[in-house]
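Chain naming follows the written order as A, B, C and D, and within any one chain the residues start at number 1.
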Amino acid sequence: MAKVITSKQAAEMIKPNDRLMIGGFLAVGAPELLIDELVKANVKDLHAIVIASDYENRGIGKLVANKQLKSAQVSHLGTNREIQAQMNAGEIKIELVPQGTLMERVRAAGAGLGGILTQTGLGTLAQEGKPVIEADGKLYILEKPIQADFALVRAFKADKLGNLIYNKTARNSNPIMAMAGNITIAEVDEIVEVGELNPEEVVTPGVFVDYLVKREA
Amino acid sequence: MAKVITSKQAAEMIKPNDRLMIGGFLAVGAPELLIDELVKANVKDLHAIVIASDYENRGIGKLVANKQLKSAQVSHLGTNREIQAQMNAGEIKIELVPQGTLMERVRAAGAGLGGILTQTGLGTLAQEGKPVIEADGKLYILEKPIQADFALVRAFKADKLGNLIYNKTARNSNPIMAMAGNITIAEVDEIVEVGELNPEEVVTPGVFVDYLVKREA
Amino acid sequence: MDRNDKNYKRALIANRIAQELHDEDFVNLGIGLPTLVANYIPAGITVHFQSENGIMGVGSAPTPENQDEDLINAGGGHITALPGACYFDSATSFAIIRGGHLNMTVLGALQVDGKGNLANWMIPGKMVPGMGGAMDLVTGAKNVVVAMEHCDKHGNSKILKDCTLPLTAKGKVTLIVTDMALIRITEKGAVLEEIAAGLTVEEVLEHTEADLIVADNIKEFDV
Amino acid sequence: MDRNDKNYKRALIANRIAQELHDEDFVNLGIGLPTLVANYIPAGITVHFQSENGIMGVGSAPTPENQDEDLINAGGGHITALPGACYFDSATSFAIIRGGHLNMTVLGALQVDGKGNLANWMIPGKMVPGMGGAMDLVTGAKNVVVAMEHCDKHGNSKILKDCTLPLTAKGKVTLIVTDMALIRITEKGAVLEEIAAGLTVEEVLEHTEADLIVADNIKEFDV
């Protein structure tokens, strides 16, 4: 069983300096309720692992606007002027990570890998400070896993075991982050009884999910 | 569109010395029709990438019994005396690969990774001849991708675009191998029209699948 | 037609790139100009569009009343899903991209050079939007097509001897299509294969900083 | 009861291991003796069983007429799927195993030693079945429990000072449960915590090659 809690209980688990993976792509598939609750709780000095910094009033952009992030690993900032301003002012430390590499690094943490070799970023700024390894005559960047204290994900339906299914492109980073959080909290539209999801259709096995938060109707 | 061909046409594409990934776990989820056709065609000197060597009369065991394999990368031989006899007689060259490592190496090939770091096999025979790399103070084996000319997989249903769904534990290695073959051929029970599969339920996107072979009713 | 009209130029570029597509290709189009390529698919062929946020089978834009908040492309724009489309997570999406399963990606550029280097993700001190999926796309797709205007707004060539901005990837561009020319990056160098109707080779060379090899059988765009 | 009866021994071991489980644990049981653990789950707790061929939520064996050819466990035996079960591919299955998402794996052993080394996948020149998923399970699961008879058929200890057969993993075993004893591998060494009813500590030590630390509060199995 995944434990069903309120969004407030979820936010109360999160402390300053925690590392948070937050699902979503330009706020689609973002756990907005959990983010709102974090804004309310006003926990500071968080580290975010996200595909994009979304918009000032949607997705993780709301945490940026409220100055709750001290750092982030992220692939795209282009839709959020506030995070660019904070970055330029030295208020937030940004590690830009190519999106595919970001996903593999998150997956590596969830799958127990010590790292992966990729050619993405070779000969670019994305290579800086990273080991370059030769394998079978080609060069690769060694990219290390990205760990997190919490993964906050958004799904469409959960059963009470925590098995998750998603809706359309709101799936995006959520299933990968769900694998990787030390504690995974899924915000869902609906919680159904055990046995009501088609076992072939489950995208995230419940073994990865610790807590469920139901969105209000 | 994935091209629909006969099992005979599929087998005719495969030549001596080709590297074949073949899906299935102890013959469950194995593309038996394609294997039978390969036995008929009697192509020799094949290299197999498989989870297990199955049984003498089921799954890839049939290729072993017909002495069509010169080598294999495989995690388990315990159910097939014939392959153990051939191995002891020096007729087949076996690389034993831990099953999780095997799957990650196949996935790495499909996902364009140059390798992955794992602790599985550290300090065991599985480490022999492989680079050991330190990352963040821990040791890992660097495991390289496993490439293949063909992936022969078994699925339950395909649509005409090659999108695949599977049945129960017959899924196993099939979706991972489907990603990794230079040419991927899927043997399926049923081929439905485009639009008939639920887009949320598709396990293997058709982009990975080149040919479909329909099992006879 | 006005050769200097921005929309004319964009249509010309998109149209010419579309002619490079083959039946059953899998393609990722960047935001902006590259998106227009979808409007010029040659008759009789089917092309499958991926968006890196997790869909294969992107359809045309929906009418406002048919927008689905959970269905967007990588630019954040509302899309529709074609019959046979499927959804996947971001790791699978980038496995498709990085594993070489896309026939083509089309991207815009700030700069490109004769060695196939591409810069399109940042201007130090000015604009740092991040690379998003661009580095993955350029590194992983079989064909990397740059779609851009030949010169910047000051009339300076965007096709340089060497990129000066931070790179998106090294040596990965295979084709450059601008409002003036089609240039293929080969092992021998950057080859000028086609020029837009009404231009001379000399005019193109004049507006190009990179050294170009002029193809023997140079042609006009056939669009 | 006959202390030397094989079935008695197996039941005793499985039963004792089952007491180590907690409510909502995720567990992988190896084939053979470890499978029996599922028969002794303490009342009031729910345990979820994974099989590495791609299922979470393994149920009991089906009746012959209810067998499904596409539904097996990693030993190739027919199984049922419980309500709430789900299927996944082998890479995801091993992500569960290797990513530390299983609370426990229970495996048999040819040899185990006081440092937590385990050998259970080959006897050189004799038996080379391959490691299957054993190396992954032993490396990845939070608790690695060895279930085996204390001595081999010649009466020799299977708990050695140092394994002599090729290892499955180095230093990963956390608990050894045999028909004679429960031994926990700790940072200080192998600690004899419990002995089977009717045995003395001396008898256990006599049958154990590895050096054991005898716990102060040593207990009898409570099964």
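The rule is simple: a contact is a pair of C-beta atoms (placed from the backbone, for glycine too) under 8 Å apart; a residue touches a chain by one contact, two chains touch by 3 or more.
Small disclaimer: the values here were computed from a predicted structure and weren't measured.
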- Message: Per the definition at the top, count C-beta pairs in contact and tell me whether A-D or B-D has more.
- Response: B-D
- CA centroid of chain A to CA centroid of chain D, Å: 35
- Query: How big is the gap, in whole Å, between where the Cα atoms of chain A centre and where those of chain C centre?
  - Reply: 29
- In angstrom, rounded to a whole number, how far apart do the mean CA points of chain A and chain B lie? 32
- Residues of chain C that touch two or more other chains sit at 81, 87-88, 91, 94, 97-98, 139-140
- Note on the structure: Residues in chain B with touches to at least two other chains are numbered 104, 107, 111-113, 118-119, 166-168, 199-200, 203
- Which pairs of chains touch each other? A-B, A-C, A-D, B-C, B-D
- Message: Which stretch or stretches of chain C touch chain B in the complex?
- Response: 24, 26, 46, 48, 50, 56-57, 81, 83-88, 91-92, 94-102, 139-140
- Item | Residues of chain C defined as touching chain A within the complex | 51-55, 68-74, 76, 81, 87-91, 93-94, 97-98, 122, 128-136, 139-140, 166-171
- chain B to chain C touching residues, read off their complex: 1, 107, 109-113, 159-161, 163, 179-180, 194-195, 197, 199-200, 202, 205-208
- Any idea which chain B residues touch chain D in the complex? 25-26, 28-29, 51-52, 74-79, 84, 87, 96, 98-101, 103-104, 106-107, 118-126, 166-176, 203
- Item | chain A-touching residues of chain B, taken from the complex the two chains share | 104, 108, 111-119, 133, 135-136, 138, 140, 142, 144, 165-168, 198-201, 203
